[in-house]
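Shared between the two complexes below is chain A, which has chain B as its partner in the first and chain C in the second.
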Partner chain A sequence: MKLIEKTKIKGVLAEWSKDFNVLCPSLTPNGDCLFDDFDPQTFTLEYRKPSMPQKRSCFPQAEKIFDVREGSFVPAYNHKKTVLFGIRACDHMGLRQSKSFFTRDIVDPFFGCRSEDTVIVVHACSWPQNETCFCTTVHSGPYATADFDIQLFDMGTDFLVEAGSDKGRRMISSSPFRDFDVDDAQERLERVKHMAFNSIPIVEEVAEAMDILKAGGANETVWEHLGRKCIACGGCVYVCPTCTCFTIHDRVTSKDSGERVRTWDTCLFEGFTKEASGHNPRPTQALRLKRRHEHKLLHYNPVDIQTALSGCVGCGRCSDSCPVHIGTLEVVKAITDHIY
Partner chain B sequence: MAGLAAAFGSGAMTNSIGEFEDADLFFVIGSNTTAQHPLIGTRIINAVERGAKLLLFDPREIQLAPFASLHLRQNFGTDVALVNGMMNIIIQEDLYDRPYVESRTEGFDELKALVSRYTPKVVEQITGVRSADLYRAAVMYAQADKAMIVYAMGITQHVTGTDNVKTLANLAMLTGHVGRHSTGVNPLRGQNNVQGACDMGGLPGVFTGYQRVNDPASVQKFEKAWETTGLNTKPGLTITGMVEAAHSGSLKALYVMGENPLLSDPDLTHAEHALGNLDFLVVQDIFLTETAALADVILPAACFAEKDGTYTNTERRVQLSRKAVEPPGQARADWEIVSELLSRLGCCGTYPDTESIMREINALTPSYAGITYRRLASGYGLQWPCPNEEHPGTVFLHRDQFTKGKGTFLPCEFRPPAEAPDEEFDLTLTTGRIYYQFHTGTMSRRIEILEREAPQPVLEINPEDAKRYGIRTNDLVEVESRRGSIRLKAEVTTRVPRKVLFTTFHFAESPVNRLTTSAFDPVSEIPELKGCAVKIRRCS
Partner chain C sequence: MCEHNGNIYTPRPVTIARTLPQIEHHRLFQLSLEDGSSWEEFGHQPGQFIEVSVFGKGEAPISISSPPTRCDHLEICVRRAGKVTGAMFEMGKGSRLSIRGPYGRGFPVETFKGHKLLFVAGGLGLAPLRSLLLYVLDKRKDFDDLILMYGTNRPDNVLFKYELLSFFDRDDIKYLYSVDRDDEGIWKQYVGVVTGLFDRTSLSPGDTYAVLCGPPVMYRYVIDRLLKLGFAKEHIYMSLERMMKCGVGKCGHCAIGDKYCCTDGPVFNLTEVEHIKEAI
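Let's turn to the complex of A and B:
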């Protein structure tokens, strides 16, 4: 186990930037936190839950798959060795689940090569980032338990640094990382973890709603009520760490060349399931919402969800961002409330 | 804008988006809010869920309809009669705000005299709204503590557009629902900067901040600032007027920026002829639009992400936007193009950057005087009026008195639409927009996922009418007006009432404005895009 003074982090990132593309929390002029390329001017450790998960480091919002130039095909693998610094445990679990989904049977070359070349530095949470955090309910946080390279625990002026892989161990082997050579190092770490875990309340309705869905589904009026007010903006999908649906477009760039691009898509759009005939197996917004939430809470692949409880990782961003309050937290409450 | 300016002295949304959270009642008329201003629509939905009431007047069953306490589907083009009828009930039942009317308004007696003729029975005959429903609506609006009127193009795109707005302003003043938090008359502007374009004098008769070009003091101020003399004091032409002038040959050259009249103007065949009649057409846009394809000179412009500048949104909020990427090819920011054009014409000096333009705006526009780049650089913008650098901006207008002093009741008589259905053209076609496409599709039709969601125009037709014409969903139909015809697919739906068809103007392949009438409101000169008489047949 190692320690590092928080004030030294900036120097470390500057050093890593020589070999890696370092993505880290940055403050915008308006005080929002975004994950962006390391810039000593905007880098910050004073951030709470970033408004977006960091899935785009492996799964960009739009990415070119191949070019066609003068009739010939040119694959477009466009990635750099990356350090993803400071991601939260929930988002890390989202990446683990997505990686499993993208590489389990057939390896998606784009997601696959990016995730292979990404060093993950988790910034464990000491307390809930806001009132919608429920990682402890779905076993995704507040700290990572596997598949990370480095994990940081807040100890006031220092970070306690845990290595999760050989790569991570090498990266923290020298100054300014220093040995944490006290006898009870492990106990102290466990204490920090324990306090963090207990600071985030369990949302009982999640497991309850999952049981109701497993037993045959929620009352249809729940979905109808939610479907009436959903404006189909797709925001909940774009901010979801485990939503990975995409669609493919071909774009003509000149007379004899073009490119194929894939972009994020959402099952909440009518056209997502619409068939060529015009028939739509999910014809209403109620059914589309039902599909999305059942995908998270019922129809997930048990292999993909890793050590978590569900395909939802409890980051709470859908509840934070939905303008009409149709996040996972509101949905599980509606399913279990029987008020409709 | 003209209607609100006449009644209150300021032609903008009186209140702010954040205030929707606290309103007790929304009177939504002529706005498909969730489709066109979705985040404002969601605030209405949330407010209804916490107990606010929604009074919805719309012939179509829009997404807000199930949330309405009362949804009235008035006959097309009868809003003045409807709202006059409400005011008559409010006065008869003594539900109006007497102290407010006496202390803050003028012209009440004239209003009372005029609306007294709009008895529930008369209104029912004109609007099709049952008198019991009208009564309920009037009482609900009058008795609400904080009631917001919300409208959009469904009010303004009529030959009586200005009258519609004046009548809504009358209603709000009569009940004291202006000048307080979560009240007011709130036109929702259609684009991110249409308020800004108006504020900056993008209208025929004004400089920035609505300072009139025929007001000697304003002229003198601008002449001094621009170190020139002899500024033209004659108001220019509206779009409608320009098309007419081009058609008759008195207008020779036209410079179009960021507008696509060959899809958005009414009576396209007429507009095409008018533009074809010009000696010289310049189009400045980010893509090659239908209009640009006809131009003698095309000036490629930078898009929002490729330039610095500010936008003024529907709630009068000015926000700073910074360049993120370089413009492609020869494209340049609009301000650079115009600035260089000015200097090549030998007018005024050039501007080095957008901040220097803002400084000129600050110096010459009282309502923008305190909205400087320095202040806009942090936070989320400032709302005008903001008369000095210490001023926090204005959340809602007309707090203690109206901009013009006393608010003026401007009673209007009902006038029928320009083109009522008759025996041959027996249906009313109304036009609008959908969620996934924007305007003439110049931008949105290039986005693959939006195009997947809404790839083609659809004509909404009521099941009863559809049955009469033997039309089923997905059938190709031909819609014909006195000016032209288009073909498109039908969707049979109760979303539209009987005898009314609805479609959108986004799609060049079925340009609905071939059908629309160029009859316009005499004051604002906004055309009656919301309705014309048509007939329909199924294509075999």
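Let's turn to the complex of A and C:
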């Protein structure tokens, strides 16, 4: 185990930037925290829950997948070796789940390549980042337990640094990382983890709602009611660490040449399931909303969810951002309250 | 930097060897490989599908209509419906397309061997079933009795008309057909929905496998009828249609319940999908 002074982090990232594209928390002029290329001017450690998960580093919102030259398709791999610095444990679990989904059985080469070339530095949470955090409920946080390279724990003026892989161990092997050579290092770490875990309230309704869905589903009026409210903006999908649906389309530059692009898509959109004949097997917003939430809470793949409870990783962003209050927290309460 | 050979999304070039008009807005395309390999190597099974690419228009999932026993060409029966198929209808012999595949789980032909088979098809639903039908006819002695029930909406909308007519000359397949309505009064056979054909033949549900494909409304009625006749759920197979965009279980468009139509299907046994409300 290692220690590093927080003030030294900026220098470390500048050093890593020589070999990697370093994506790290950055303050925008209006005070939001986004993950962006390392810039000593905008880099910050004073951030809470970033408004977006960092799925785009492995699964960009829009990405060229083929150069098309006179009708021939040439795969476009255009990513760089990346350090994803300071992501939260919930978002890390989101990446783990997505990686499993994209590389299980048939490997998605674009996600696979990006993810293989990404070094993950998790910034464990010491307390809930806001009132919608429920990572402890779905076993995704507040700290990472596997598949990370480096993890940072806040110890005031220092970070306690845990290596999760050989690659991570090499990256923290020299100055300014210094050995944390006290006898009870492991115990101290456990104490920090324990306090963080206990600071985040458990949302009982999540497991309850999952049981109700497993037992045959929520009352259809729940979905009908929520479906009437949903404005199909797709915002919850945009901010969701585990939503990975996409569509593929072509950009033509000249006859038979151009690029094939894939972009995020969502089951909440009417056109998502609509067939060329005009038939739509999922014809109402109620059914589309039900699909999205059942995919997270019922129809998830047990392998893909890793050690989490569900396909929802409890970041709470859908509840933070939905303009009509249909986040996962509101949905599980609607299912368990039987109010509709 | 990591690279993957054999990128799953890379389409391969094919040429249209021939187009055969079927009925209005439906055409059979015969495809040839351009890269020197053979359709035998392609390795498709009855019931599988391909993704057809027309650059600039995108990709569309299309059922394979020809069996692996006939590998001169790959045949796909296409209805002009969207952007990709619309562009295909502007193409003729010698035009180039790109395809990916074969994808999906086809019909369990080994399970069917030695048993009676009942095909129930509606409209363009005959397209995926034809790959199995011709396969069975080509390996006829491996299978027991064969019945085809085919329904279309009008008498002039029968796909593969001459092929189907030739079945009347064979004594190893029983062919029953229906039309939903016959405004001109030219239809000499049964007028009504395809389930009406069940009253016109005797079946032995115990040793028959039923395979069905048709418009969405057809499945529930045909399945109800089969169950009433005493078919076991395990003996009912269907090919489901969904917007299968990527074909490899990643894009999410064809997900139903915990299944992906493109990789778990498109052929499903009734026991696999009966509990999923939106499946059929």
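In this section, the second predicted complex is superposed on the first by the 335 of 340 C-alpha atoms of A that agree within 3 Å, B and C clash if a C-alpha of one lies under 4 Å from a C-alpha of the other, contacts with A are read in each partner's own complex, and residues count from 1 in each chain.
The rule is simple: contacts are C-beta pairs under 8 Å (C-beta built on N, C-alpha and C of every residue); 3 or more make two chains touch, one makes a residue touch a chain.
What you see is a predicted model; the values in this text were computed from it and never measured.
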Here chain A is shared; do chain B and chain C fit on it together or clash? fit
Between chain B (first) and chain C (second), which does A:Asp105 come into contact with in this model arrangement: first, second, both, or neither? second
State whether A:Val324 touches chain B only (first), chain C only (second), both chains, or neither. first
Is A:Ser174 touching anything from chain B or chain C once the two structures are fitted on A? First, second, both or neither. neither
Can A:Thr247 be said to touch chain B (first), chain C (second), both, or neither? both
Should A:Gln41 be classified as contacting the first partner (chain B), the second (chain C), both, or neither? neither
Taking the superposition as given, does A:Arg228 touch the first partner, chain B, the second, chain C, both, or neither? first
Identify the partner contact of A:Ser72: answer first if only chain B is touched, second if only chain C is, both if each is, neither if none is. second
Once the shared chain is lined up, is A:Pro29 touching chain B (first), chain C (second), both, or neither of them? first
Given Cα centres, how many degrees, to the nearest 10, is the angle at chain A formed with chain B and chain C? 80
Scan A:Asn301 for contacts with chain B and chain C and give back first, second, both or neither. second
Most chain A residues touched (candidates chain B, chain C): C
To be precise, I mean the smallest distance between any C-alpha of chain B and any C-alpha of chain C in the superposed model; what is it in Å? 10
Go through chain A and flag every residue that touches chain B in one model and chain C in the other. 247, 249, 265
Report the residues of chain A in contact with chain C in the complex, numbered from low to high. 65-66, 68, 71-73, 75, 77, 79, 81, 101-102, 105-109, 112-113, 116-117, 217, 244-250, 252, 256, 258, 260, 265, 267, 272-277, 279, 281-282, 287, 291, 294-295, 298-301
In the complex with chain B, residue positions of chain A that touch it: 29-30, 228-229, 231-233, 247, 249, 251, 263, 265, 269-271, 278, 323-325
Quick one: which bits of chain B touch chain A in the complex? Just the residue numbers, please. 34, 38-39, 41-43, 45-46, 49, 63, 66-67, 377-380, 435, 448-449, 452-453, 474
Name, in rising order, each residue of chain C that touches chain A in their complex. 1-4, 7-11, 13, 53, 55-60, 79, 81-82, 84-85, 96, 98, 215-216, 241-243, 245-246, 248-258, 263, 277-278
